[in-house]
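Okay, got some structures for you below.
Both complexes shown next keep chain A, but they swap its partner, so chain B is in the first and chain C is in the second.
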Partner chain A sequence: MYVGFPHMGNAHIGIRGLFKALGILTIDLPPVNRLTVELGAKYSPECSCLPFKTVLGNYIQALEKGADCLIMLGGCGPCRFGYFGNLQEKILRDLGYDFKMIILEPLDWRQTLRQLQETFSPVSWKQLIYASRLAWGKTVAADTIESFSHFYRARQSRPGIITGIYQRGLEKIDKAYDLASLRTIVKEVEGEMKAAVLPFEPEIKIALIGDIYTLIEPYVNYQTDLKLGEKGVQVERSIYSSRWLKENFIPWEKKKKRRKMLRDAKGYLKNMVGGHGLDTIANAVRYSREGFDGIIQILPMTCMPEIVAESILPRVAEDYQIPIMSLAVDEHSSDTGLQTRLEAFIDLIAQRKKDKKDYFLSKVHEAS
Partner chain B sequence: MKGFLGIDVGSVSTNLVVIDEQEEVIASLYLQTAGQPIKVIQEGMRTLAKTLPERMEIAGVGTTGSGRQLAGVLVGADIIKNEITAHAVATSHMVPGVQTILEIGGQDSKIILLRNGIVTDFAMNTVCAAGTGSFLDHQAVRLQIPIQEFGKLALKSTNPVRIAGRCSVFAESDMIHKQQLGHALEDIIAGLCEALVRNYLNNVGKGKEILPPIAFQGGVAANLGMKAAFEKALGMEVIVPPHFEVMGAVGAALIAKKEVAKVGKTNFKGFNISDAHYQAKSFECGGCPNLCEVVQIFEDDKVIARWGGRCGKWENVAV
Partner chain C sequence: MKTKIGIPRALAYYAYYPMWKTFFEELGCEIVLSPETNKEILDLGVKEAVNDACIPIKLFHGHVSSLQGKVDYIFLPRLISMNTERTVTFCPKFLGLPDMIAALDTDLPPLLDMRFDFKKGKKQGFKGFYEIGKQLKHSYWAIKKAFQNALHAQYEYEKLLAQRVTVQEALAYLYEGKELSKPVDYSLKFAVLGYPYAVHDRFLSVDIINQLRKMGVTPLTADMVSSKRLAAQAQKLPKDLFWTFSNQVIRAALYYLDEEKVDGIIHVTAFGCGPDAMVDKLIELEAKARGHVPFISISVDEHTGEAGVQTRLEAFVDMIKLRREQ
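Let's look at the complex of A and B:
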């Protein structure tokens, strides 16, 4: 049996690690690219969101490469995501593919294990624990070096150097098969990055908030983090796969997180509105308080929870006097348009920090 | 005498402006890009060289618009700026104290809010281009009215018809329908202007605090009917500043002047770039599964710039 699973940023490294350690064969897909989105958009409902289309595109690519089992996450939040797996299965069957679909429901470990046990040859507890720890280690390692790249890219000595170190680090993490070497790789990557930066503080810090998939998958967000970083802006992203897993598969973490979100969003939103709508508001408030210079919300077109959040964000912007820009993406978005908005947003912030303005004009000029 | 050149390469028009040291516009050109930005920039430079005073020396160049990278490489720009910042800089200069800028160009429309001379918010149309210059052009051709007369005709209307303006294709169907019902042409045109303004305010201007003074610019600002419709919808006076159609280029020139004052020299390649042979070619990079489309700009046989790659390796011209 060959397992196919969709991409979401670096999540595939952990997932692949899990299956490999369990002795299950996987289909390795190329990163999300134009073909993925074209395939997905062709067979998706027009008004479904870009994450849905991209994931469907990945499934078709996997099936074409010989996958006969597809894995998807489920959910029961008031967002369409809970039905993605089911709908995608229907679409793929209509297209004539034959496969087994496994939809994992968060917060239900017992069912998850049973599903996996039923599908794959019996797995011992020892094996399962080993594989989970390895997969978790890989996910955390990949997320850690990604957050390093956000921090160091703004300080890099020449364009592209941090991205190169980061990419090589990911390849090493993908190949590593024990926890000790993962720790070494993370340390090495940090050392290399530290050696590749200039000793200055970036003048502008921007936080990225919004829907998880759109934030994490670089093709879908048009590499906003990289674009900002190359312009000398330090970026912080509100969510990583490892944090999401922790907050969704461990019940007490989930409760703790929800309490924190509700506390931060107090005065703006007091309900879960599905997806990451509440998180977006809570994170916007938190980043404003932490002194970020600007916030960018990235959302898929037609995403209900994020649209709710988008309509509340102007109040946060007003109360905290912080620029907030919302960027909606779909398969028709243009890279040029996004670049223009990001550059203008950086200018807007730089103008606000007028005394530091001259430095930035030179920086932006250099970068372009 | 020193001059500063600003070039705005948009999807529909390419504009060139030269300002002097007093920041007065002394020459401006409005050309159709017609999908051939390189040719148009070269042509524009040739024309400009002829119209400028003999003693004029270009001491700085700035480029803006969606083709700003390309233009920047061709002419040797001192600064390459996005069009939102360029418009804001130019309008603050022309309309002191401006708080709201409404800009409608060939294929995009934007709103820029300024407070105390600083840009505080902006928005650009994302998924809809209804109501931009291209659509008005198309309607003028269809109704066989010169685009210059379009706006004036709208002002003659006493009883504008309500046109569905959400989608430009449906707007056209609706206009045809209203014509068939026998409504007067000027009422239909005035109705169209109002529909487009409604669409703009609902899309781009949604949730934005529009305060006076309001400047209206971009090619569509030439349309008196649109200006009147904005004034009616907002209940405030709308100013169409001088050089409204080349505002982006004015902004680029102003920014270039500032940049050169700081750096002390210009990278301007001179007007003779109009004689060199430039060519843009693209290829799909197969280096990784990203399949980036990389654009290469050739000066004669030499590659002078590349862009479009995600990893940054092609940006290095020496490769």
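Let's look at the complex of A and C:
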């Protein structure tokens, strides 16, 4: 049995590690590319969101490569994500593929466990614990070096050097087979990055918020974090897959996070709207308070929770006097269009900062 | 002087208006409805709402703006859950609707952000009503009585719809004193499925119901199936959808496909609607699995013209008539 799973940023490193350690064969797909999106868009409903199309594209690629079992997460709405697996199964069967679909339903975990037991040969508890620890370690390591790259890229001594170190680090993490070596890899990568930067503070700090898939998958957001970083902007992203896993699978973490989000978004949004709609508002408020210079929201076109957030963000922007830009992406977005908008946004922030400084200096002159 | 409550004639208005109207009138308020959707309201809505929003949300913004200056309060429903199904709620845009309106720049009268949450039964549902009643300075018992009557009015309304009366006719019968016309049974029966605010908004759907009648077709909508019959269809799907109106549509589609054997299915969907992207494909696949029942999806948006829709409908009807003759 060959297992196929969709890609999302670096999440595949952890998932692949888990299956490998359990002795389950997987189909290795190339990162999300134009073919994936085109295949997905061809067979998806027109108004479905880009994540739906990309995941479907990934499944078709996996099935063409010989996968006979597909794995997907379920959910309980009201974001469309929870129904992805069920509809994609129907679409793929309609296209004539034969496969087994396993949807990991959080509300129906007994059924899910039974399905997993039936499909895969029995594994011992020891093996399972070892595999999940390794997979978790890989996910955390990949996310850690990614956040390092966001921090150090704005200070790098020559263009592209941090990205190179980061990519090499990811390859090493993918190949690592025990927790100790993962720790050394992270340390090494941090050391290399520290050696490749110049000692100055970046002038502009921008936070990226929005939907998890469009934030994490670099092909879908046209590597916004990298583009900003190369322009000398320090980037902070609101979500990583490891944090998402932690906040969704550990009940008390989930409760804690929900309370925090509702508190931060107070006065703007009163209840959960599914997906990451509430998180987007809460994060925008938090980053504004933390003194970021600008916020960029990245959302898939027609995403319902993010549209709710998008219509509320202008008020956050006004209350905190912070520029916020919303970028809706779909399969027709273009790299150059995005580049232009990002450059304009950075210029706007730089000008604002300069105006503020000049105004302050003129006041100082007047006073003296 | 009576307190004037403005109700936007959009979105859930078509499904729950009798409940709202009875509740506020029992509390001694006067209801001011926004006019039926027209070009001006559409333009207002497109101007106010965020670009990426779907057309029904834009229309809602337009209706709210058209009430500006005419009322003391604007009623904004926050629909969380109208039944006790565990994972079923509403589209995120319904959940955040009052917050979206509150974030607008314009000067609006005070907003009545009313929470409808019947997930744990009537007792929990009453909380939302009580809060609003208290805001309007009424006693507990007066609110309780108004709440009971509101639920009853809603029950009567749904009973009326189940007798194959369209939403527009039922509302005209209940509140404008018009007689119910005797439904003519044509030989062709179509299921006209879609959310109440897409099908029954005569401007948005370019009056698809009456257009079909003129062509000699009996239109059957999703609200004409009683909730008991709809619930019986639920187990045919691998998993319930998360949105109340979408469940209504997909279950009605299954009902009309299996029990009523309609001649064709028309899905009216608003452009940019999130849940409909899933529902549309599901209906298409279900119709296909049942021996190719003709299916057409009509997507409406701010540029939809009557002639365009009419041409498509005529072609669809002609095709089915031709198929019958063969």
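Here, the second predicted complex is superposed on the first by the 345 of 368 C-alpha atoms of A that agree within 3 Å, B and C clash if a C-alpha of one lies under 4 Å from a C-alpha of the other, contacts with A are read in each partner's own complex, and residues count from 1 in each chain.
To be clear about the criterion, a residue touches a chain if its C-beta (ideal position, glycine included) is under 8 Å from a C-beta of that chain, and two chains touch if they have at least 3 such contacts.
These numbers were taken from a predicted model, which means no experiment stands behind them.
Contact with chain C, but none with chain B, is seen for A:C79 once the two complexes are overlaid on the shared chain. Of the two partner chains placed by the overlay, chain B and chain C both lie in contact with A:M301. When both complexes are overlaid on chain A, the residue A:E46 reaches chain C alone and has no touch with chain B.
Contact with chain C, but none with chain B, is seen for A:K90 once the two complexes are overlaid on the shared chain.
Within the superposed three-chain model, A:M272 lies in touch with chain C and out of touch with chain B [touch as defined at top].
Judged by the touch definition given at the top, the superposed model places A:T119 against neither chain B nor chain C.
By the touch criterion defined above, A:A328 reaches both chain B and chain C.
In the superposition on chain A, A:P314 contacts both chain B and chain C.
In the superposed pair of complexes, A:Q223 makes contact with chain B only, with no contact to chain C. On chain A, the surface patch touched by chain B in one complex and by chain C in the other comprises residues 301, 311, 314, 328. On the chain C side of its complex with chain A, the touching residues are 49-50, 52-54, 57, 78, 80, 86-87, 89-93, 95-96, 98-100, 103, 105, 113, 238-239, 241-243, 271-278, 280-282, 285, 288. On the chain A side of its complex with chain C, the touching residues are 45-49, 52, 74, 76-80, 82-83, 86-87, 89-91, 94, 107, 268-275, 277, 299, 301-305, 307-308, 310-312, 314-315, 326, 328.
Here chain B touches chain A in the complex through residues 66, 69, 72, 79-85, 108, 118-122, 124, 126-127, 207, 259, 262, 288-291, 310-313, 315, going by the rule given at the top. Partner chain B is touched in their complex by these residues of chain A: 30-31, 33-35, 159-160, 163-164, 167, 219, 223, 226, 230, 301, 311, 314, 323, 328, 330, 332-333, 336-337, 339-341, 343-344, 347-348, 351-352, 354, 358, 361-362, 365, 368.
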